[in-house]
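Heads up, the next two complexes both have chain A, just with different partners, chain B and then chain C.
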Partner chain A sequence: MKKRSWFQDNWLALLTGLIVGAAALLLARLGNPGNMGFCIACFERDIAGALGLHGAEAVQYFRPEIVGIVLGALLAALCFREFRGKGGSSPLLRLILGMLVMIGALVFLGCPLRMVIRIGGGDLNALVGLAGFIVGILVGVVFLKKGFTLGRAYGQSKAEGAAFPALLTLAFLLSVTGLVGLFRSSESGPGSKRALWYVALLAGMAVGFLAQRSRFCMAGGIRNAVMFRDFGLVAAFGMVILTVLVGNLLLGQFGGFAFEGQPVAHSDGLWNFLGMTVVGWGSVLLGGCPLRQLILAGEGNTDSAVTVVGMLLGAALSHNFKLASSADGSAPGGHTAVWAALVILLLISLVCTFAKKKEGTK
Partner chain B sequence: MIDARGFSCPQPVLMVQQAVKRDAPKTLTVLVDDQCAVGNIRRFAASQGYQVRVTEQGEEFSLELTK
Partner chain C sequence: MPREPRLTLVLTFDTTAAAMETERVCAAEAIPGRLFPAPRQLSSDCGIAWASEPSQRPRLEALAAAGAIFPAAFRELRL
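Moving on to the complex of A and B:
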């Protein structure tokens, strides 16, 4: 067998990084908030707001990007015969982990994808977040190596696998046609800043399709580099930063690297760090970052669909109980929530690593 | 033989890594039900000097690793 070169194995991941970066630049240019061409956590938070799960008026909008990502992944999975209903691997724990990841992300103000987009935009707070994210991943990897598992998933019906993409699409159609005034929509604040819906939808679909094919994942990149010396996905991660940085320079909108005055960001270093520690740790336990959960949900994985629902609930909690940060800084409630999240992550990690071993030795 | 069906990434490739580290087997069969796991295991096995043959059986995959 001829040995495949590194590039042959990883060109698709690099291309995905390039397209994700370019799409993020485009969407921010066309109206999305600054350094927020894509942000899975923020956009799911906006959807939670549109659904009325929280009452923060500045962040309510049924973001077409999220729908596009799921539909793009669904399309890719159907084209390549990878769509299958699958689930049953600790759904409730995944729901809780999804909530924790969202709470951590909203203390930092971004998912791992927005973190790299922020870095490419010159936001140094995101570098602090990256350090926290890496620490979280490393802690998660320690438990993975000791045998952490959420258990096996089992085959489910196609209907079960299709339920989440179908429900999301239906809700989106109701929102976009405006036939019924069901959903809330921000008139000011980040939720009111938006690219044209069909451009956002198409950009999401392109990203979803490519990310499904390349298994693009922000947490998986660092994890695979540490655990298996496999650098394909982490290179894609770097590619997003590079694309966004070069793009911002070319578009003349790069204002240099700085901590202060960054769009939809704050400079509370400790909470940027710890918020992303929660996200990194939780994502490794879940087997993928928030973007990857959307992709898997599009492939028919109901455990990931449940995780996304957990993230919507986490967003609701964050805004209903004032845990989320704002551009003014982190909130006291968020500090407590991050400590609580770290304790819960530790408990879940310990129980799912060691309780299972005991069972195995019976 | 390793039965990694139903486990999500990175567990299947981790199970292979641990078996390779522990016993350094000349041959190893791995069952998975996920394309992502197939790719990950194939890359990891190749990096350890194994040849990999993949057989698709319905919705599952059998990977034969040989050195």
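Moving on to the complex of A and C:
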């Protein structure tokens, strides 16, 4: 038997990158904001708004893409017998890390997935964000190598694992059927720009299914490249960029590479960089990027479900306390929040690296 | 020329930290092996696995039983 080729090992990740890029183009074409066919952070922020957790009227909508991703991952996990309830690995710290990741993402204006979609759309600010993301991951990897741990996860019941996907689906059904007027919905701004809900749901499901099968993760990809010289997942991100770039060119909506005039983006380089440093660092400590957290939550991982809840709370904080950036630029409160997030990340990293070693010697 | 695949003991993990901890414990216990990206058909969790020789399985299982390492599963496959 011959050793498998690089392509045999990575074709599914490349296909996932292709589908993610194509779905992002499709959804942006059908109504989602520019360069925002997919954005886990922005869409969770919109859901937080729909739930009334923040009062920013321009960003409130129960995004079907998020529900689709979780359901797609759930379906894949059930089909391939990978669904199992588990959790209990420092849930409160994960909640806090989820909040910090969201605060950093909303200073940059996008999650790592939107970062690569923005690069494909010609947004050079996203390259600055990518540099910060990589730095954050490298810092996180240093702590991992020194012994950072959030503790082990434990087996839980299937009911526990299914609770988050079930709750999310129920809330979405209530939202989409409009049976109760519980949820808020933007009439202008990014939250009002949306593809048809069932198209968005199906696109999300396709991405969730494929991402679960291919183990697609932005933070894991860079971690694997740094630690093992394994470039399979990084190549998949390259595929997202290539697909979006070629698609934009074919659709005649590519305006060239530039810093200025990009949709739902700002050009404050320092804060693009540091915002994504927070995201990269936090994602490595959490064991996956925001997209990966949704996938794991769909597989029954309650730690990831708690992280997603943390991200919703982080979005609420960002908008209630005016930490989030806008197309006009980053906010002064966001600058303070990013520094605070970096300090908190350092504290969590130090305590969970060195305090554990001390405990182990007792 | 690419080498022929050989039977390898693979430990998968729920968290990246558990994989890293295994590397440290195995180094201290002089158990040969290496971390590598988990084959996607094996694990949906942290994405990192520990590869060792199948002959090391009893020692690794003993470490897991003693709570020194926390693998999610032991598998043997040709890599």
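The rule we apply is simple: the second predicted complex is superposed on the first by the 361 of 362 C-alpha atoms of A that agree within 3 Å, B and C clash if a C-alpha of one lies under 4 Å from a C-alpha of the other, contacts with A are read in each partner's own complex, and residues count from 1 in each chain.
The rule is simple: a contact is a pair of C-beta atoms (placed from the backbone, for glycine too) under 8 Å apart; a residue touches a chain by one contact, two chains touch by 3 or more.
Small disclaimer: the values here were computed from a predicted structure and weren't measured.
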Fit or clash between chain C and chain B when superposed on chain A
clash
Should A:L12 be classified as contacting the first partner (chain B), the second (chain C), both, or neither?
second
Between chain B (first) and chain C (second), which does A:R152 come into contact with in this model arrangement: first, second, both, or neither?
both
Which partner chains sit in contact with A:E82 here, chain B, chain C, both or neither? Use first/second/both/neither.
both
So chain A touches chain B in one structure and chain C in the other; where do those two contact lists coincide?
1, 3, 9, 82, 86, 89, 144-145, 149-150, 152-153, 215, 220, 223-224, 227-228, 230, 232, 287
Along chain A, where are the residues that touch chain B in the complex?
1, 3-4, 9, 80, 82, 84, 86, 89, 144-145, 149-155, 215, 220, 223-224, 227-230, 232, 287-288, 303
Write out the stretch or stretches of chain B touching chain A in their complex.
5-11, 13-14, 17, 33, 35-36, 39-40, 43-44, 46-47, 51, 59
Chain A-facing residues of chain C, complex
2-5, 14-18, 20-21, 24, 35-40, 44-48, 70, 78
Quick one: which bits of chain A touch chain C in the complex? Just the residue numbers, please.
1-3, 9, 12-13, 77, 82, 86, 89, 144-145, 147-150, 152-153, 212-215, 217, 220, 223-224, 227-228, 230, 232, 284, 287, 296, 299
